[in-house]
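Multiple structures are listed underneath, in structure tokens.
Below are two complexes that have chain A in common, paired first with chain B and then with chain C.
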Partner chain A sequence: MESSVNQNEAKPESVDSASAPVFPPTFSVSEIKNKQRRHLMFMRLKQEKRREKLSLKKKRRKEREALGDEAPPKPVPKTIENQRVYDETTVDPEDEEVAFDEGTDEFSAYFNRLTNPKVLITTSDRPRGRTVRFCQQLATIIPDSHVYYRRGLALKRIIPQCIARGFTYLIVINEDRKVPNGLVLCHLPDGPTAHFKVSSVRLRKEMKRRGKDPTKHTPEVILNNFTTRLGHSIGRMFAALFPHDPEFVGRQVATFHNQRDFIFFRFHRYIFKNEKRVGIQELGPRFTLKLRSLQKGTFDSKFGEYEWVHKRHEMDTSRRKFHL
Partner chain B sequence: MAEKSRVCSVWVGSETGILKGVSLAKKQAFNFCEMSHLSREQEVCVLCWGDVHETEVLLGCANGEVKTFSTEKGVFTETRLCGQIDEGKFTGLAVVDSALVTSVESGLVKVWKEGSTDTVEINAGKSVCRMRQNPAQRHRVGTGGKENGLKVWDLERPDTPVFTAKNVRNDWLDLRVPEWVRDLAFVPDSDKIVTCTGHHQVRVYDPATPQRRPVLETQFGEYPLTALSLPASPVSVVVGNTQGQMAVLDLRKGLVCGSLKGLAGGVRELQCHPSLPLVASCGLDRFLRVHSLEDRSVQHKVRLGTLAWLWTLLSLCFRSSLLQECPATHQGDEAVKEEEHGGEDEVWDAMETVTEKASQRRKATEGFRDGAEKMAIKKKKVKK
Partner chain C sequence: MQHDDVIWDIIGNKQFCSFKVKTKTQNFCRNEYNITGLCTRSACPLANSQYATVREEKGQCYLYMKVIERAAFPARMWEKVKLSKNYEKALEQIDENLIYWPRFIRHKCKQRFTKITQYLIRIRKLTLKRRRKIVPLSRKVERREKRREEKALIAAQLDNAIEKELLERLKQGTYGDIYNFPVHAFDKALENQEEESETDSENEAEDDEDVGKKEFVAEDDVEESDLSDFEDMDKLKGSSDEEESSEDEDESEEEMEMEQTETQRKSKGKAPLKGPVRRKRAYVEIEYEQEREPTPKARGT
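Let's turn to the complex of A and B:
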């Protein structure tokens, strides 16, 4: 019964394809059992919708041209960043209490220029080629950093020795199946420990159109979009990895860009062609980080107190809510 | 200042020495600070009520001072030096008949009498993580620490503890089970004491029985339990751990009744309301959350600090007169509705109460039934 109705309507359609077919309101394409006919009907439906959309666009453009200067401004398209749920922990730049807290926290020694960073880079036990090369490349980027082979030593025993030798940061790159996938960043005297998930690691060899190897000049540091209180702490952690005064002679810049809770790391060399135009070449490795937990105190995953832990089922329920 | 302090129903101490009063009705926190400048030495380690009527709050600070704050006047009234910095931070504060009982991390419990400089000292072991007072028998306190089991002391006889707990038997490898009491509570209407340990165990001790080993032991999670609180019903206990997981455990069998969600950082302190089924929690994520114990949902969430919320919260006191300030409880809601819809009561009573969960279940089952019917009809048509 339904098929005959369709055939009757299909025939006048082939004659006059411009007129829209009239269907009873409760009809839907999925009720047709014949696959070919169903496909045809669906194609027709899509074409119809596309035609309507184009005609609407044309109409709007004509109206806009007709109005000329009086036309209302174009509506801004909605993006996830636009629609981000306002986070109540967003830091206000003029906040005195945040300023006080940042003046007395674990990084205050660095920001008051009392200490210089000294970084120890190591891996999980028995690292494979990619991870080893990644560590070496990181060591060229971060000034005053040393790569040591992890001989199966316990981190809790390494940490007091590092403190005794004046290190301020410990970076441990975790490897899984010959690929680096985690990063533990521990600020040394008694500072917070951040655990990140690392993905999309591109070593220097794999980068297209890259420049020559980075020199030993101290790079500048750019931290983008760390707005919340948690983001502030993480941003300060990254900033304290590099020495205070960048050497502008070297024209190198390390960028930590936070977007939707993913932190993208890039290392570039820039050159000013004239006052308005800059050319950049990407050097060095690139990788993305995602924060898994921030623990107060030095590395102690069993008995340490966590300031922030990423709980997937509680925190990832909304696509528009971000924490960093 | 006085008006603000009278409105506050929850008091929280912070790492910089500021006492915060939180008004749950207004969802705001007010700062009360004595010093003109903030410093980390003034970190508030313990808070307790100064008297039974809850008009004074006593704060124990990291530099050994005990400050008194009057909630009626909204100012700090007294400061007393009770100990030095080298002894460690305060781990417990209690008031007994106008005398102050303090305990520090190094294991010394001291009773400070007003007026005189004499102190009664109790050496409670080499480390004390927590000291709590028995609310029924005010002269009894319990202490516990790292490798220092539970001990109950009577302040009138400071030489020997009234009850010393024994460690559990060696485990299946015949190794000694390590002890680390992080928090304890006295169960009302009985002699029992509940403790939570840094090795994620919850233990119940009963001094009335000759057994010095725990009467009940359960485990929760894999991370150290940092806080414990007993709600109004005597059967359950609320615990929190360093990862921000909080759960309600049943003390009869030792099973988890349910967990309270929402915290992102470690729990520092939990406090249940004495009569209402509410529990307040503060932790390292700088929020104060009040959960309802009946449906385990978050009733209130307050960012600590009106200007900024930077402080790690260490201890809090729940005012028992919460009902007046907090219209968001169920009883409050019903009362308000009745007043507003006086004449339309009959209409409201005649309507069915529809709860969300029930209606979703009905819809799901109806949908299923409709779908099944449709399938049956189609099958019949095909057969024809």
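Let's turn to the complex of A and C:
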């Protein structure tokens, strides 16, 4: 019987566990019926593999040292960012078509300094404490923003009123089980509507080593890693939330950093220690966003025209493909 | 024959009834024709041969009645009467149909009918309002996203990225003159000037060799032009020395001071080297001498 043969082979080897055991080529650990024994053999197999790997590493290091300066350069480790599937919609900085589009899209009014942002922040029905505090903190960060509580009002009716009063942005924070979990960002006069999933919200109280409350100065905006067309439009959406001219006196900066389709928002105060070093201190809430859908017009869940929707079965299959 | 008491004796207390749901404090009856929903002697549809209920179907209320005469025909046992949509009229209808029936059943039927109309009204009101859409979350997907988010956070290295971006902006001068170390622009200008003076000093290097050597010249042969050249070379040599020494230093302040004096001197040195030079000879030369060991001349990288 194969198993007994294996056991016989294994027994003498168990005596001298110090030396590396040699396994016959047709042997596979999964064929041992006894669970304890199988586990033991598997552990031993793992150890042997680890030892081999270590010895290989040492050899390679010795070779490197021996060669000294002539050693070939270290190979660059593969990261997900390195291996990212190339997206055709990646924007070239000098692309004319993109520049033309951006000159004539819904944000051109903002970027040509025709309008100033005015933001209305609201929630879903009956917000709980955390969401309320989150809204208030957001309102302190975004200059010229107002928080209004939704008391059962329909969004479709709020929107024309907002437009009439000159608001440029509508933010709706959706709440589930006492925690904010969604964000709808709607650019008002006919603008695109973006729906995000919100996660890891940290309010100001929960921040470690945070500074004092943010002042009323307009913060600067940093947008990182928005490479594709979609990313570009989302980036512009975020940029248009804040007024044009940041007050450098305030030394505050709001960052939207995109990494692997997650947008991390941070709010810092910075200070330049000398020309090569800067210190940053985090104030303000932090949260992460993940884009779920981008709609062309204002918020309309039934008849809206969707520019981009996150389809889980198509888009989440590859680990190297990102859309923002 | 319908022996209600016997039936109740069996299913109510002693043996099994498939419609009975037992909880700690109460027994419920899951029979769809039950009028109160509880498992009691007077409300059990199996243990009462004369029984009535009110039930609704698609927004319409019906009165169901069961009498002992039809107990042998299960298919025809329940008589269904459609009740009016008007509340009062429907109550009258119930009274009319259940005339001479036991008080308990009449009362409970009306109660049930009232409750049904109330909840139908509420349904109609709610369908007109906005409804919260409940979306099911897949646990596997949520876990996967959470993990990916954590990994992305680690890969993002946010603090570094922000600091880098801020320093970039400082370099490019978006902050204007707010910060007092516009050293980069200054450095660049300096570098350009240093390059120029380097080429100059290279040219003068050959002349410098001559400076060190002692040459005996008669007094008559010393001309003003020679003197002036000598002084200029002296100045230039001094400035190149200072410039080289400043390269070794890293302290910005001292460097800046020295550079300032240097540029002053350079600007003066760049004045036309003719007659007026001698007048400039009278100005006070500010030399910053520092006692230092000769440091290896290495450009800061």
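By definition in this document, the second predicted complex is superposed on the first by the 304 of 324 C-alpha atoms of A that agree within 3 Å, B and C clash if a C-alpha of one lies under 4 Å from a C-alpha of the other, contacts with A are read in each partner's own complex, and residues count from 1 in each chain.
Heads up, the rule we're going with is that a residue touches a chain if its C-beta (ideal position, glycine included) is under 8 Å from a C-beta of that chain, and two chains touch if they have at least 3 such contacts.
Note that the structure is predicted; figures quoted are calculated from it, not measured.
In this overlay on chain A, chain B fits alongside chain C without clashing.
Applying the stated contact rule after C-alpha superposition, one finds that A:95 touches chain B and leaves chain C untouched.
Contacts of A:104 after superposition on the shared chain: chain B is touched, whereas chain C is not. Once the two complexes are overlaid on the shared chain, A:296 sits against chain B while remaining clear of chain C.
Contacts of A:115 after superposition: neither chain B nor chain C is touched. When the two structures are aligned on the shared chain, A:260 is found in touch with chain C, with no touch to chain B. With both complexes superposed, C is the one of chain B and chain C in contact with more chain A residues. Once chain A of one complex is fitted onto chain A of the other, the partner contacts of A:308 are limited to chain B, with no touch recorded for chain C.
When the two complexes are overlaid on their common chain A, residue A:229 makes contact with chain B while staying clear of chain C. Between chain B and chain C, the shortest distance over C-alpha atoms in the superposed arrangement works out to 10 Å. Partner chain A is touched in their complex by these residues of chain C: 129-130, 132, 141, 144-146, 148-149, 151-153, 155-156, 158-159, 161-163, 165-167, 169-170, 175-176, 178-179, 181, 183-184. Against chain A, in their complex, chain B makes its touches with residues 16, 38-40, 198, 223-224, 226, 242-244, 261-262, 264-266, 284-286, 303, 305, 307-312.
Contact residues of chain A toward chain C in the complex are 79-81, 124-125, 152, 154, 199-200, 220, 222, 224, 248-249, 253, 255, 257, 259-262, 264, 266, 268, 270, 272, 274-276, 278, 280, 288, 290, 312, 316. Residues 88-89, 91-92, 95-98, 100-101, 104, 229, 296, 302-309, 311, 314-315, 323 of chain A touch chain B in their complex.
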